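So that we are looking at the same thing, I have put the structure below in structure tokens.
For clarity, chains are labelled A, B, C and D in written order, and residue numbers in each chain start from 1.
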């Protein structure tokens, strides 16, 4: 009895249904597989196990909930400095194991863990990445990849030696609106690109424990540019597909503001791209939360605001001579997409789209920005 | 060593970190639990197990993915007419068991299943609800609760006899924007309510297998009003907190359109509410997808568009004498919130917010609308 | 020396210009007429002279300023009950003459006046229209054309007898966004029309002198429906190009609100159009200012909000299966366009697009709405 | 008989009105002067007479129509290279006289003309300003005030010698949204200002006669920066109330694009303001029409897009921690406001808000931008 038979038969059954509902049930047969909006998930026991290192605000509010939306990744362990907190979170999220920062190296013997996801203050990115690699695990590391380009190079070298994948956790490059922006910018749909602008900043609030470390140079490695400006630096590169040749920048911080004793507040910079494309960016720890970008092409302007928010993304296209139109796409979980990509790299043994080098390139550009601000001159951005 | 100690110690450690990163790691200790944006999840083995009956487009694209975002519910079984499809979906989503429509009654012996979620063509809502209740399970049933008010009454009675909860799957009442709209409408923030309007419709496409049954009266029990207009009927009630006293309506269908041989296309209706509040609604199977509502109060107008979309909700508030402002809230998964609510009802043994009676009330209003369209007069909406 | 010669010659001249600017001037010759965005104006002495009767808030803030934007109409006189006010306003706006309500009939001898524009409380529309016609003038009369359909018929008959044009001042039908909406709705671009909704209302404020008369039945002839609901009634007709066959309506007013002792507050109505098109409208004197409409076609939905504001109009098009897009048009002065249309009718001796009959049709529909609200039944809308 | 008497009396009169309308008229007496939204206009014969020099696209589509909306200025003459065109335009707009570029100096004897408004290709700004001053007239001159700062200084000196006012036609500074932005930025409502960004550009189209001269260095004095970038330079100054201390810039033009043989395409620049405020701007002749700006303060971000369009302005305010809200203001004619301001300067004998020095300051900044682009260094912006 196929679906057509079902439909032919049902009026009678349904009519009967009202009086005595049970007979209708046998007529209900399976239907063909519907079109799925997303790929089918892997059975849980075939998914790639992740250990999440660091259980702060970001991990608990974004990453662990996103695990439930993954199709190829699953939570295999959590790592916290507080064993009680680790135990509680592991239980709630169904992770079979939990570790502390001290006993973290034991993860080497945990076969359920294939990937270590490092979510710690910046200065700890390198040491925990190196410990994870020594334990034989692949590493997904939060941005910025390290506090210095030199550290990032060391991490890349370590991954190569360990024959493991190192991926920079650039969630925006796995997010649907940004993927669509990349497609439109690089396909020529916007015409030759003429200018990219991006402003990314937010008020840093040291009274919030999640921000306290950010204004300490020794922990963060830098201020707004390392923390949020890096989204703008990265976007200029991924939207254009080009690497900055030179950087020019100004840095300004209110000397009376105690937040900016160690790290910078505002940075305004330009990149010259090899094609002649210009970019202008800003970041700040003192202006209102801003996460926006614009790509100006000869044929159309594409605008995103917010471009890189956790919860919301909005995009508009303004073709030359026409009205600006909002482009609506489904808002999918970008963290899940990013972790699934890392899982695919492991499953298929291929380099992730945003490897360690992707994080290194942004740190090279960031260091050129800092040097230009010191010297008042254009500074060449060195290659990887 | 507490967090303050950590921060005092880190400059040294971080400086060392660049040269030799490993020593820094011991300084990284656990931090206090951050503020969570959502309640903590129950450990998986304490969550309430759901059996999902029917694996069509809606179940596969919305409900099963939403299970991963639940904090109190988990998938315990799937039920499909096609055993191979059932097995495949069960494996992908980690459900330990799968059933067919034929052997569904065996679920009675499946202790992992506490709730049966019925997602089938409307005419099958009653028989499967009754089978699930006989198997000793609680039931979450898709909207409309049944094809007729009489069937809905029978289902409510069956649940009462079985001492099990019956909940109508009105997702909008568990969705954040709609919760906020209810709060504002009922708290007096908008002033006395004067008018509620809502238009909900979409083009029905019988060539799509997911729509084929909708134009068959014997399967659907009705046209656009049963299917999408019910969102507007329900919203008028949940926004106002009132029950319609009388209904007036017109129905119009293009006689040349083969889609409308059995079911209606367009319905335009008014309700008179006991307080003097008026409402105006429309639904259609032939106009472009529309899911909007407006609440007009003396002090402010609140508008949602789309109000009840799967992926997107947008809301604006227009106070008297001021500019209309968009109200941004996080877009959370409404299906997960709904299933978690059912799970809470089971765990805490209390009636769900949208019990069977909630579905019955809409069917009584729908039947009054149909009668008014036939007679050209106001028709009283009977009480439950 | 043509434009090309100019451009060939200018580098030299301009270079000289910096040092000694005067020689450059001779090289600057006239250029061809550029493309004009609007028709060329008539010389002032060939424009049609208007006498504006009534110098209240609307006349002083909207109509007299709009005269400066007219291209075929000009202000020839003002008429006020207060001679000092009349003299002052006439001088400020360059009107050669001013009259009082008492000596208004002397306008018959004023050859500069060809059109009388009546802007008075509704009950005075008929008597002043008739006086103007007797004085041999054409008449532009504010909406609603009269307080009753009977009065409107009398005014139309009087104009016919006097062989003068009578035009209803339906500014929306001369406004660019509404013209574009009409074009799209009637051209088939939206597909067959399925539903039109429109809500037009605002809080009436009797403490404002401009509103005081509106809640007095003897002056206004009715409440929100006569005053603002008429925009929705008119829009349903001009968007569809159809005349309502039948009306159904409810009227509700808070009995405790002293504003609604003589006139109604809220009206919700439906029209059945001959083609099967449905419409739903509302008006109110107690909800926040609202001026919106939606046209639902099979292929696309067109939305305007606000549709009929003095200063702003916004329009969106939502094609089936695509994103809603805002349609941006220049915001032109709708009052000037309306008066220029009346001037054209006089200059070219042809009926205006919104003659007296256009106002009468809305009054017939309004009276059917009132009767339906009294009887609880569908009421036929009689033809002109 | 006052207004209250009228209202008491009217029910009877109105009732009579239906049967025999004429008697009602006597009861209609004058009402008190309503609140006006804008200042009362001067009688036409007391307004300040303008001669408009140059009848191109901008003059015919924007300036002459705007004259009808002026309250203190009126059109007294037009000046064109083509006497027939001049005569036709003068007649249509009611200007009593018209001149050619050759006989323009005769305007000295035209007592109806008090102000000469120069709307010519940039290189002619200085010579025509000087001729008008020699004829004893005040001058309103289009932007940029001149092609070079040296020319601007000469024009300012000439006005001072002639004891006449020279005003730069910076319409944005007379436009309501920009006035409101200035108020908010300078009042501290946004908190201390941290960054201002502005992008102003449009594709230049030499095949359009209105653009042909713009790509000729000898006529325009520069490319996109002189033409549209000047809006961004000016906005950074008027929003902050500060003068740039230093400028840094890059210029890029596609060498293969024939439009950019003489003038530049794209400019990206930074200003350092004395307070520590940073600004970033861009202009282009090759990206889609863009006219936007953002002011980032510590407490709120204010955004305008478009900021300086002829027809439309939109503005949003985003306070820290709150949703961005659109700020709606009436769209008033900015050209009329600007000309009325010049008229007030003449009537009240006081300097205009945007004198010649205002235009000079932007030219000094523009020249610093150009020098920085040549040298790759920060360049000091000299004072006036």
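By definition in this document, contacts are C-beta pairs under 8 Å (C-beta built on N, C-alpha and C of every residue); 3 or more make two chains touch, one makes a residue touch a chain.
This structure is a prediction, so every number in the text was calculated from the model and none was measured.
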Centroid comparison with chain D (C-alpha atoms), farthest chain: B
Inter-chain centre distance, chain B versus chain C - centres from mean C-alpha coordinates, in Å: 45
Separation of mean Cα positions, chain C and chain A [Å, integer]: 54
Centroid spacing, where centroids are CA-atom means, of chain C and chain D in whole angstrom: 31
Residues within chain A bordering two or more other chains: 328
Arrangement of touching chains [line / ring / star / complete / other]: complete
Residues of chain D that touch chain C when the two form their complex: 3, 7, 10-15, 17-18, 21-26, 28-38, 40-44, 55-57, 60-61, 65, 67-70, 80-83, 85-86, 91-94, 100-102, 104, 120-121, 123-124, 126-128, 130-131, 147-148, 150-151, 209-210, 212-213, 216-219, 311-312, 328, 330-331
Residue ranges of chain C in contact with chain A within the complex: 323-328
Touching residues on chain C, where the partner in the complex is chain B: 192, 194-195, 197, 199, 201, 203, 248, 250, 252, 254, 265-266, 268, 270, 272, 276, 278, 280, 282, 284, 286-290, 294, 296-301, 318-320, 376-378
